[in-house]
Every structure is written in structure tokens, then in C-alpha cells.
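Across the two complexes that follow, subunit A remains constant while its partner is subunit B and subsequently subunit C.
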Partner chain A sequence: MQPILKINLSTQIFEEYKIPAEWERDYLGAASLAARILYDDLTADLDPLSPESPLLILTGPLTGTFGPATGRFIVAGKSPATRLWAESNVGGFWGVELRKCGYDGVWLTGKSDSPLYLWLNGTKPELRAADHLWGQDTYQIQESLKAEIGSKSAKVLGIGIAGENQIPMAGIFCDHGRAAGRTGLGAVMGSKNLKAIAVLGNGEIPLARPDKYKKLRVLANRALKEDPLTSVMSDLGSAGAAEYLDYLGEMPKKYFSAGTLEGSEKISGSSVAETILVGKKACHGCVIACGRVVDIGDGEKRKGPEYEALVGFGPNLGLTDPIFATRMGELCDRYGLDLISASGTIGLAYSLYEQGIISAADTDGLALEWGNADSAETLLHQLARREGFGALLAQGSLALARHFNAESQAVQVNGLELAYHDPRGASGMALVYATSPRGACHNQSDYFLADIGQVDDSLGLAFFDRHAGAEKAANVARHQDWRTVGNSLVICHFANVPPQTLLDLVNAACGWELDLDALMRAGERGWTLKRMINLNLGLRAANDRLPEPLLKALPDGGAAGYEIPFDEMLSAYYTARGWDAESGVPSREKLIELGLEYIA
Partner chain B sequence: MQPILKINLSTQIFEEYKIPAEWERDYLGAASLAARILYDDLTADLDPLSPESPLLILTGPLTGTFGPATGRFIVAGKSPATRLWAESNVGGFWGVELRKCGYDGVWLTGKSDSPLYLWLNGTKPELRAADHLWGQDTYQIQESLKAEIGSKSAKVLGIGIAGENQIPMAGIFCDHGRAAGRTGLGAVMGSKNLKAIAVLGNGEIPLARPDKYKKLRVLANRALKEDPLTSVMSDLGSAGAAEYLDYLGEMPKKYFSAGTLEGSEKISGSSVAETILVGKKACHGCVIACGRVVDIGDGEKRKGPEYEALVGFGPNLGLTDPIFATRMGELCDRYGLDLISASGTIGLAYSLYEQGIISAADTDGLALEWGNADSAETLLHQLARREGFGALLAQGSLALARHFNAESQAVQVNGLELAYHDPRGASGMALVYATSPRGACHNQSDYFLADIGQVDDSLGLAFFDRHAGAEKAANVARHQDWRTVGNSLVICHFANVPPQTLLDLVNAACGWELDLDALMRAGERGWTLKRMINLNLGLRAANDRLPEPLLKALPDGGAAGYEIPFDEMLSAYYTARGWDAESGVPSREKLIELGLEYIA
Partner chain C sequence: MSAIFPSIEWLEDLKEKLNSDEKYARLAKKWEGDMLCVLEPDETLKEPMYLYIDLWHGKCRDIAIWDEIGDKKPAFILKASYANFLRVLRGELDPMQAMLTRKLGVKGNMAVMMRNVPTVLDFVRCAGEVTGEAL
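Moving on, here comes the complex of A and B:
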């Protein structure tokens, strides 16, 4: 692989970092490789917002190769939200452009005294003053930097004022609203006084067997185009199955307290398509093009809402207006905020207000009744700016709940707010949220799809009822391993590419002869390594938990009355993983089996 | 296979008909085998409602074997609606029970002087007087005959008053609203004065390699349960993807004249599930259970509406009320009417009324504006009873249009009304409708699913855009062949069973060693034989047409502006089929290749 550009922002010293060749094959790239690279640096007493805290931006061996939905890259480090392993995965075009500059990653440490941006164009990397960019939102920096550089082809990655304000739910954004949203790495970037990284390259994306790869990718893209999920994702976006998820009780309402909501049928990809959709947008080389382009009545073309935006600023707050969700989604993007965490924290505020735990006296007079869109919009502005009640919200839902002595009310795991897939509608998500290396995350396994039968047969998962319990634990683990492979290559989870196809692509891209077992084992290795990092960072078995509100049954809707048998599920999961039944620590044998001797 | 019970209703002579063994392997069973059996009897001058007209009820080698969704059987003959090949496929439990009586089919000819029903219980078949049943609806005869026979386990197949009245859109119904709806074979049964066939058996369903079959069926059912389509079909029924089809402009509105309709989001499986669904119902041995059970507010458990009912008595008439569609669906069932043809003909009346071609003077004063539910309900009663304006509607849309000198307005092919999948939303359906052996039918290929990528990879179909043209012709032909295999075995089209799995099941059930090519060739053989039958019956290339309204672009919605390149598509289709480019007649070489020497 190409070198990683390592930059100490305190000293402004640049170096080219090369990893041992065997790490590539063992960890594949991107997320798992980042865990290997940062393993020694991530310690329990490291302050995520200190100069010593690393921020690693890394591509994978398939990034930019025109493979099926492989235009992605990741950012990694230590999360200011969870103080655990942090990673976030993002599409668009930036990562591809980075590789064309001759680097497969950028590793940042230190802290600049004043705002800077980094400019890479394939020759000498340059740090430039960014005082004039400070305070700009993530859409503005795109325009400003392209103008300054004098090329519309340059790609820009950066933070908004949420990152500048070191808000632990700040993300890192590229292109037009493509977000590495989760785990607060935007705050880490902000803490280093680095506003943005602009890249423009003209090199070749490295491929070990280019002829072979190019043949395979044509077939893989064709197959992907034919995949049942692709049509729906392409035509209706990530909310294509929203009506179904709603029916199953899998779409949260009123901050996970209600199973049904009048008007929720408007929260769907088809409703968006029929009312405001005017176009689609794809990441680099992707045949799906799940990105929406909408016109909400002002003649402007805007980024349309994904499923998480539609629900987070919709039923989660008792609302059902896709236009409002579009506007709030854009605000999150511009501020550089993780939409799930922001809307989740606002949802908690509404829930506490309903319960009388907080009142208008706490909210600067805002009424937080379900369905009140104006208050949500005001709170979002306040949150990003750390103003008024928003300063408290900016710390995330766990801190908010603790402030009001209501910690158990926060629907989060280890400090990260839940994505909008209620595990009571699809029980596999209970394990996913509880055991993800980065808190309540649905991108380390979108198992809700498996729970409703929407995964490729060739993945070899057994099928269980969406309300089955412990019997699905081994399946969940396998699906997590599979998604870990995806997060390492990097391939988008919306692309239903069969394991064998992906393996063939990886072997051709890297010149390897891996078999399927080796590929899946690399996934398990990455998962386990992140577990070990988190154990080093203080995670214990007691942290593998679901928040209390999710352990109660919903009163109505498609999951009404169902209680997750969580304890049995977790116990079966530990067993399936080869982890100690009490401590949740991977056994020495498991570590050695996975080639993690350096940890064992 | 077990013998077919052949009955001449004029003479009341019974015989056991055995087919040559090679026919089984060449035609598999059910629909294709029926075509082979009836080939000599179906002549151009045969009146479908004459005593000479045959009515053949036939199961397939998988019927009742607890294979994946294999509880089905077919009825076949000459259609009073199209005067072409007639077949219709139905689920439920009746066909299974017939096989348990030791028969794989019932072949009816002749005509009784007075109403009869047939009673089969595995011993001596019996014809009994049915005067007391005449006039009963298809739900009532279930109860009446079970009471008379003294067994709730007996299964009943029969006609309603539409069949008694020999309405050319009358179907044959079994169990509770399971319909062999299309092509008017209920009228043929009515013309013979046969009201019903009750069966109760206790024999074994024959299997050549029972141990092997039973192992395979467990795996096949498990795989089916995991299939992506199954979850949706099971949870949301056949309208599970309605929102998507609506968005694509594939769901017809206002009799195929509009692309959008206010409130159409209520026409969906999730909307039904969230409002009136109280249970599910499966055919014999089926793991999907697509059948809906609903409560529309009166505390009764009723059969819920399928997609075709929701659209036919919904957007087709400018309506969006699932409860109304439920009620009309039940009326069609009770009267014994094909819902698609009935609602389609009523839709034509509304369209002619809008255009001023007919007026209240023609309709006995009924106003037929879009959205008028009361008029539709009145027309449906009149149609079934051949009363007033309904007497004209009862002849179907082609006759209705001709009566008002507006033949081109009827959305039908060769006398059969279109199913509710607009080919402008998914162009493959244009060829499907134009070339189906039974008129505008979506059960000889539901290619709209292929057009949106929802078919199993292993079927080996290339993927084309839903608005691609001639390039998809060969694909359509292959999909038709595949569905012809399904209609012969019989397996439900909602069951996404891979070809290899189905092949293994067939071989184990029948003791064969077919390969996949042979299986698909059997499909092509059946398709081609039906083509030859239709050519014998007077069909010509000029009949392979779409109705004019579908050749114009829709004004709005997901198919707005798209015109089907029909002529090129048809020409490519003939080529792909090995049919003469001008006459559409299968070449002699093709017939010989398929083992149809007796025709060539």
C-alpha cells in the first residue's frame, strides 16, 4: 500500500509512515488496520482532545478502485463521546482523491496554535493558515477552499463549528454533506486547530493485478446493479424500507417510548420520492446512488434526508415532516454535527420534559412537547453553538441525563446514542448495540436486515425470527465480522456483494491468495482487536448493556409486548465469540488463534 | 402419477385416464401437461360453453408434498373470454385433498340437465343433485357441503352465481376465497351445470424418493423462509412493495390514465397491516402465509385484500380505501368473479364516462366519476347478476368498449383485462402481456419484479433498466419459461426458490434425473405448445399487441413521459423465441428441438 502521511501539528513535521506488509493482509485496511496502527497509542489516560490524541484517516485497498460501492474511507482515534475506540466511515470522493495524491492515509497528532488547513496535491504537502475559514460551515469550506486553490476538482474534508467547539458529537465532513458522523472525531480535529484537508491528485490507484481486477469489477458492479436491495436503495434511498420497519415496530417514535405514530407513513423513501425528490447522487463509482437530491419548495437543490434524518427529526420527536427532516439534516451537516447523536439528545430532552424531569425553567422557556418542530430547531442551533440549554445538550445524552439525575433514561450505550433501529423490532440489534466497539452503532452490523431476511444467502447466516433470542448470537457475531471486513476494504454496507465476489476483488487488488476463511478471520481479528483496545481503555463486561428504556416492552405497534431476553443473548454471544463468560474478555486461545499474540 | 378422473356429465360415465409416462417428464404436470392432454380437443370452432368443451383440473408432481409453497393446482380449458387457451392457478387446500383421494386431476366434459356436485372421498366417485346449492355464493357452498357431507375436513371447489350465469370472467373458487380467477373457466363449469366438487381423502401423496424428498424439502423451506422476499410477503402480503410500485409509476391509476393519485400511500401492505390486519393465512404447507386476515370494523375476520384488489378497487377507480377494497374483494369471491377483470371492466366504464362516451343515460343513472365508490359497488352487483348496465359489463371490457364503438379504449389483450402492473413503469411487462398464452396476464411472468431487480441471481437473467427496450426480450422469454415450469409443478410465484433447489425437489419427487437445461426446456416446451394451441384457435401475430392507452406516455408519476418501444421489443422477442419474424409462428426447427414433432 501507499504510505500514510504522518503530521505532527505542533511541530509541523511531516513523515511518510509505512506499515509492515503483513499488517495489510492481516487487517486488510482502513478500520481494522487503523486499530492495529493506533493500538499502542490508545491508552486509558489519553485525553481524546489533547495534542497527544491521534486522528488517523485511512483508506482501504478497494477505495477508489471502481469496485462495487468502494469509494469510502474511515477516520479513527479515541472518542471524546465514549472514551473508547472511535471510527467512522464515509463516502463521497475525498478518500479516492487522497489515494491519487500518493497517500493511503493521513495520521495527525499534536496541535497547532492557530487554525490551519492541509493542502495535498501530490507534490509537497502544505499546512496553510485557516483563520479565514474558522467559523465557516462544512458547505462553505468546500466553496472557499476550491476557490482559494483554484480548482473545482479539489476535494475537501473538514469540520464545522461543532468541531471547532469540540463538541463530542461533532463529525468530519467531506464533499456535500458526506459525514464521518459518529464518535465525535470532528472534535478531535477541532482540538488540533485543523479546519480542513484539501486534496487534488492525479496518480493511479494502486492495483496488484489491474487487468484481472478490472474484469472482476465489471461483473461485480453488474451483479450489484441486479441485486434486489440495489433497486430499492437507488430508487428510494436508505428509507426505501421505512414503511416496513415502521410496521415491524423497528422505527423508533417519541424517543423509543411509542410503537405507533399518526402520519408516520410520510416517513418513507417513497413519500420523499413522490413529493420532493428531484435527483440522486452517488459516491465515487457507485452504481447504487442512494443519495437523494430534493427541492423543498424554494427551487434549491438540496441533499435529501436519509432514513436516520427522517426518523431522528421525525417520529423520534413526534414529527412526520420530511421537509423539516431535510432542513435539520442540512443544519447538522453545515454545523458538522452527527445527526443521530444530535437528534437523539434532543429526543431525550423531549422525553425528560414529558416526564416532568425538566421544565421550561431548564430550557430557557422552550416547550418541548412531542411534535414541536420549532423547539427542536432552536435546540439544534443552541447545541452546535453551545448556547443556553444547548450547552448541556452538546455534551450528549448521557451527560444530559446525568445532569438531571436520570441516567437510566438516556437511550445510548457507552456514551453513543442509538441509531434509529429499535432492537425490540429486530432483536439482533440488541447484541449489536451492546457489543459494538463504538457504542450504540448500527454500522458495525446492520443486523436488522438479517432479522427480516434481507441478506445474501451466500453469507451463510442461519435465519431466526426477528424476535428470537440467544439462538441468534453466533449469527450476530458472524455478521459483525463480515461488516468489519467491509469497514476495512472499504465497501459500503448498502452494497449486497457476495463474500466470494468480494474475496476475488480483494485478491486481485492486493495480489493475495486469501480464501474465504481468511477473509472472515480478518474480520474477526479486527473486531477482537477493537475489543482489546476497549478493554485497555476501561471497558468492562458491565458496559455491554442496553439502556433501560429498551428493556421494557413497547405499548403498541409491531413490537408491542415484546421484551428482549438480553441476558441470555449476551451470554450466548460471549460463548460464540470465545470470550470469558464473566469478564467478556477474549480468551488467550482465541487471541492466539487470530494471530493476536502481541496482545495475548 | 395418479390417474385423472374423467367424467362425462351428459352420460355420467366415469373413467380413469392415464397419461403416457413420457408426457409427465416432458411437460412436468399441471398447466403444461394440461395443454398436452387437451391439445387435440381445443379447436377453433369449439364453443367454450358447449357440452363438448373440456374443463381439466390438474395438480402437479409437487402439489401437496410440503415442498416450498407447493399447495397449488390449475384449471384449464378454452376460455369464454378470449376463445384461446385458458388456465388458472390456485392455492388453498383443495388440490392436495384431491391427490389424497387417489386422483391427480379431474377432467370434465358434457353437461348435466340439472345442477350437480361431485363428491370424491377416495372410494367411488359420486355425482349428487345440487339444486339446493344453486344460487349460493362460494363461501356458502363451503359451509353447505361440509355440513351435508358431515366433515369439516372436506375441501370444496366451486362456482358462485357468476359461474352459474356463465359470465366470461367467472372463476372457480376453493376454500375461503382462493381463486382460479382468470380466463372465465367458472363459466365453463357453470355451463356444465356442475356447482362444486367436494373432496376428502386419506391417501398418501406419491413421492418417488420420499426420504430424499423430505430432507430436501426441509432445506428448501428453510431457505425460502430466509429469502428476502418472504419476509415482506409474510409480514405485508402481496402489497408489500406497493409504495415502491406506486413511486415507479407501475401502479395504475384512473384506469391507466394517471401517474399519481392523492392518498395512494394508503394502498399498501404496511398501511393494511397498520390499520385492519388481524392475522395471516397460508395455503397448504406454505411458510410464507401471504394471505391476510383483516377486521374492517365489524369484529368479523375477513380475507384481506391482495395487491390486485387494493389497486383494482382503489387507484384504478380513483379510490384509496383498503376497507372498500376488502369489501369488493369479498364480493368478487362470493359471486365467483375474477377481481381483475371485474374491476378492470368497471374502470373502463368510468373512463368512458369521463370521456363522455357514455353518460348516466347508459348507466341507469349511475354517476361514474373517479372516486365514486358507491357506483362501483352497485356496478359490481349488477355485473355478477347480469342486471341493467351490468349485463353489458359482464361481457368484459372488450365487449363493453365495442358496444360504444371505442374498442381501442379497452385495456386488455385478446379479451383478458390487464393485471395492475403498468408496463410503462416496468417495460418487460409489455412483452409479458402481449405474448401471454391467456391474454394480459401477469402470472405467466411477473417480470415487473425482474425489472426492479427482485429475482434470484441463480436464475441467470441479465439485468436491464426498467425502461430498457428490445435488449430485454430474451430475458422475458426465459422468465416466461421459468414461470411455466412453476405453473407445471405447481409452485407459487411468490416463493423465490432457486432453480437448482427446485430441480432437486422435482427429481426426488418423480424419480427423475433431469438437469437444469431439461427443466427449463420443459418450460419452453409448455410455452410453445400453448402458442401452437392458440395459433390453432385463431391467434395471429397481429394479436400480440398492447392496447392503445398503454402506448401513450403517462402525464405524471414515476413513468411520466416514457413510451414503450413496443414494435422493436416484439420483434426481438420473436427472434429470441425462434419464431418467424412476420407470422410469430414457432419455426419447425424450434418445434423439433423441443420434441414437439407431433405438431411440427
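Moving on, here comes the complex of A and C:
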């Protein structure tokens, strides 16, 4: 791998960090490698927003190689939202450009006295004043920095006002609306007074066996283009399966309290395609092009809504208007907010209002009634600016619920709001949310797809009924391991690439001779290492829980009446993982088996 | 009804079933589009087969066995090995699983397909219920 550019923003000293070769093979890259690099730095008493807190931006060995959907990279550190392991991955073009500069990562520590941006022109890094950029949104900094640098080809990664305000649900954004949204690392970047990183490179992306890799990736992309899931994603975007998820009762409504909602059929990729879609957009080298380009009636072409935007600012709030979801999605992007956490926290406020736990007296007169779009929009502005009632929401749903003595009402795990895949519709997500190293996230495993059939014999991933219980626990663990591999390479989970194809690509890119078992073992190693980091940070077995509202059956819809047998599932999961039944701590034998002797 | 799958008799049974099944009629009342099932050869089926089914507003209007696709353009083309089609019809392979695991290829307007998942699943139910003997 290429070195990591390490920068202390307090001293403004640059250095190159060489990644130990054995770590590359053991952890593959990106998310898992970041966990290995940061293992010693992430301590329980570390304030995520202190100068000592690290922020590591890291690519993977496939980033920018024109492999199938491999334009991605990750950001990692300690989360201000969960105070646990933080990682978030993102597509676009920025990571590719970084690698072309001759670096595979940027490792930030310290804190500048005043706002700065980093300009990395090839291998020449330079910190520049960013006072004039402070207050700009994540779209504006794209234009401002490219103009200032004098290159339209430069790629910009940065934070919006939410990151500047160190809101624990602030993300880091590149291009226009490509988000490393989850776990609040935008606040960490803001705490360092770093507004943006602009990169422009012209080097070659390193490949161990370039000729072989090229042949393999051409075939892989050709096959991916023909894949049925690609057709859905390409034609309909990430909300392509929304109707099916709705049919299964897997799409949340009214903050996870309802199974049906009149008009929910408008919340889908099909609906967007039939009404406002005017084009598609792809990340670097991706044949899927799930990104939507829409016209919502003002004649402007803009980013269309992804599934999470459609649901988060749709049925989650009792709404069914894709245009409103588009507008709110763009607002989140511009402010630099994690859309899932923002809409989830607003959803909680609506739910508390319905229950009479909060009233208009708490909300400065806003009526938080299901279907009220104006209130949601007002709250979103307030949240990003820490104004009015929004200042409470800015701390996230757990803090909001605690403020009103209603902690059990917050649909979150360890401080991270749930993605919009209700585990009562696809029960594997119950374990995914409860055990994910970064809170209730669907990127560590999108097991809902396995629950509807995306399984693979070669990985030992079997198909279980979507409402099966403990019997699927080991399967969930294997799926998490496989997605951990993906988050290390980094490949988009939307790319339905056969495991053997991916293995061949990895070996050609890195010059290795791994087999599938070794690849899966690397995934399990990464997963387990993150578990150990979280245990060091204070996580305990009691944290491996689902929020109370999800343990009750839905009254209607495709999952009506189903109760998740969570305790049995978790017990089976611990067993499958080789973790202690009571403490949830990986056994010493398991750690040694995975090559984690140094922490055993 | 136990015609051999695949055969024109099986298609006729399917047509009769679709045109008499109340649940299918209700779910598929908005469905517009014909489909071609392309059965790819495998250990059992030696030559490809093309089963044509024209579906419209909850009814089956036409069926046929084609010799080839030629320049005809059905709204949807479903492609799988004979064995995998049979597994779907016998309930041994979930249709969505078949698609997601690349065992069943689907070409056509995915927006229409995804909008009508319940219709598609009920069509499979009807087809399964008329499937008895196989090659």
C-alpha cells in the first residue's frame, strides 16, 4: 500500500506513516485496517472532540481500480454520538483522487487555532486558511475551493455547518451529497477546525498484477451489469425494492409504530422514476449508477432521494411526498448532517408529541403531528444550527429522550439511530443492529437482503425465513464478516459480485494468494477487533440490545403480530461468535485463532 | 391438473388457473404486460424452451410455446435453468432469492416489476399449483 499522510493540526507537522505489510494482509484495508491502526489510540477517557482524538481517512486496496463499485473509502475514529468505534464509508470520487496523489490515507490529529483546509496537490500537502469558507455548506465549498485552487478536477471532502457546530450527527461529505454520514465524524473534523481537504493527483493507482486485474475487472463489471439486482438499482436507485420492503412490513412508519401508511406506495424508486427522475449518477467507475438526478419542478437538476431519505422524511414522519424527501435530503447534505440520525431524531420528537410527553410549549409552538412537513423542515434547520427546540434534537435521539425521561422510546442502539429497515420485517437485522460495532447501522450488514434471499453457498450463507429466530444467528455473523471484508476493500454493498470474483480481484490487486476462507477470516478478524475496541471503550453485553419499541409487534402490515425472539437470537449469536455467554467478550481462544494474540 | 412442466398442456392449465383464481384476479388487476420464460438447457432439458404468457388486468389472454425469441419483444423476459424454474414452481426456491442469487435473470421494466411484487409472487403461486409432473 501507499503511505498515509499524517498531519498534526496543532503543530502543522506532516509525516508519512508506512503501514506494516503484515497488517495489510491481515486487515485488508480501509475499515478493518483503520481499527488496527487506531487500536492503541482509542481509549475510554478520550474525548472524541479533543485535539488528541484521531480522525483517519483511509482507502482500500480496490479503491479507484475500476473494479466493480470500488470508488469508496472510509473515515474512522471515536464517535461523539456513541463514544464507541466510529466508521463511515462513502463513494464519489475523492478517495480515488487521494490514491492518485500517492497516499492511501490521511491521518489527522491535533487542532488548529483557526479554520484551515488541506490542499493536497499530488504529494505536496499545504494547510491554508479557511476563515472565508467557515459557514459555507458542503455544496458551496465544492465550488469555492475548486475556484480558489484553480482546478475543476480537484476533489473536495469537507464539513458543513453541522460539523462546524460539532453536532454529534454531523458527517463528512464529498462531491455533491456523497456522505460519510454516520457516527458523527464530521463533528470530529469540525473540532479540529478543519473545514475541507482538496486533492488532485495524477499518479497511477498501484496494482500488483495490473494486466490480470484489468481482465478480471472487465469481466466482473460485465457480469455485474447483467445482474438482476443491478437492474433494480440502476433503474430505480437505492429505493428500488421499497415496495417489496413495504409489503414485508420492513419499511418503518410513524417512527416504527405503524405497519401501514396510506400513500406509502409513493415512497419508492419506481415512484421517483415515474415522476421526477431526469437522470442517473454514478460513483467512480461504477456500472450500477444508483444515484438519482431529479427535477422537482424548479427546472434545476439535483440529487434525488435515496431510500433512507425517502423513508426518513417520508413514512417515518407520516409523510409520502418524494419531493419533500428530496428537499430534506439536500438540506441534510448541505448542512453536513447524517440524514438517518436527523430524521430519526425528528421522528422521535413527533412520537413524543403524539404521546403527550412533549407539547407545543416545548417546541416553541411547533405542532409535531404526523404528516406535518413544515414542522419537520423547521426542526431540521434548527437542529443544524443548534437553535430553539432543535438544539435539543442536535444531541441525538438518546439525549432527547433522556431529557424528557423517555429513554426507552428512542429507537437507537448505543446512541446511533436505526436505519430504516425494521427488524420486525426481517429479523436478522435485530442482531445486526444490536451487535454492530458502531450502533444501529445497516452498513455493517444489510442482512435484510439475506432475509429476502441474497445468500451465497460459497460463503456458507444459507437462506432462512425472514422471521426465523436463533437458527439464523450464525448466518448473521457470517454475513457481518463478509460485509466487513467489503468495508475493508472498499466495495459498495449494492454490487452483487460473486465472492470468488471478488477474491480473484483482491489477489490480483494485492499480489496475494488468499482463498475464500482467508478472506472471511480477515472479515471476522476485523469485526472482532472492533468488538475489542468497543469493550475497551466501555461497551458491555447490556449494550447489545434492541430498543423497546422494536420488541413489540406491529399492529398491521406485512410483519403484523410478529415479535422478535431477541434473547434467544443473541444467545445463539454469542455462541456462534465464540463470545462469552454472559459478558459478550470474545474468548482468548477465539482471539488467538484469529491472530489477535496482541490483545488476547 | 398435472400436466408435465414444461408443455403446452401445462401452459393451458396455468391459463385456466389464472383466469379462475380470485386472489390472482384481485392482486393483478392493474398488471399489464406479457412475459417470456426462457428455460435454459441443463442436465434434464436438452434444448432451450420459450414459454410465452400474456397477462392483462388479472387475466391470462394468451399462451404459446415459441421456437425462438426472434425480434419479438415481450415486456418481461425471465431466464433460468430448467431445474431452477422447477425449484421455484415447487416452492423449493424463493423467487426473490432466485433473482438475488443470479439463478433467475429478469429483463424488463423493473419499476413495473417492483411495484407489483405481490402480483408476481401470486403468479408464482398459481403456476406452482398447476405444476405436478416434471421431465
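Throughout what follows, the second predicted complex is superposed on the first by the 594 of 600 C-alpha atoms of A that agree within 3 Å, B and C clash if a C-alpha of one lies under 4 Å from a C-alpha of the other, contacts with A are read in each partner's own complex, and residues count from 1 in each chain.
We take it that a contact is a pair of C-beta atoms (placed from the backbone, for glycine too) under 8 Å apart; a residue touches a chain by one contact, two chains touch by 3 or more.
Everything numeric in this text was worked out from a predicted model, so none of it was measured.
*Asks:* Contact-wise, after the overlay, does A:Thr260 reach subunit B, subunit C, both or neither (first, second, both, neither)?
*Replies:* First partner only.
*Asks:* Return first, second, both or neither, reflecting whether A:Arg222 touches subunit B, subunit C, both chains, or no partner chain.
*Replies:* Touch status of A:Arg222: first partner only.
*Asks:* Thinking of the overlay built on chain A, is A:Trp23 touched by subunit B (first), by subunit C (second), by both, or by neither?
*Replies:* It touches nothing on subunit B or subunit C.
*Asks:* Now for A:Ile452: first (subunit B), second (subunit C), both, or neither, which partner does it touch?
*Replies:* So A:Ile452 meets both subunit B and subunit C here.
*Asks:* Under the stated touch criterion, which partner chain does A:Tyr139 make contact with: subunit B (first), subunit C (second), both, or neither?
*Replies:* neither
*Asks:* Jot down the residues of subunit A that show up as touching in both complexes, subunit B in one and subunit C in the other.
*Replies:* Residues 226-229, 231-232, 235-236, 240, 243-244, 247, 265, 268-270, 273-274, 452-455, 463, which sit in both footprints.
*Asks:* Show which residues of subunit B lie in contact with subunit A when the two form their complex.
*Replies:* By the definition above, subunit B touches subunit A via 222-223, 225-232, 235-236, 240, 243-244, 246-248, 260, 265-266, 268, 270-271, 273-274, 452-455, 457, 461, 463, 558.
*Asks:* In the complex, go through subunit A and note every residue touching subunit C.
*Replies:* Subunit A residues touching subunit C: 226-229, 231-232, 235-236, 240-244, 247, 265, 268-270, 273-274, 449, 452-456, 463, 496, 498.
*Asks:* Show me the residue ranges of subunit C that touch subunit A in the complex, using the header's touch definition.
*Replies:* Residues in contact with subunit A: 94, 96-102, 104-107, 109-112, 114-115, 117-118.
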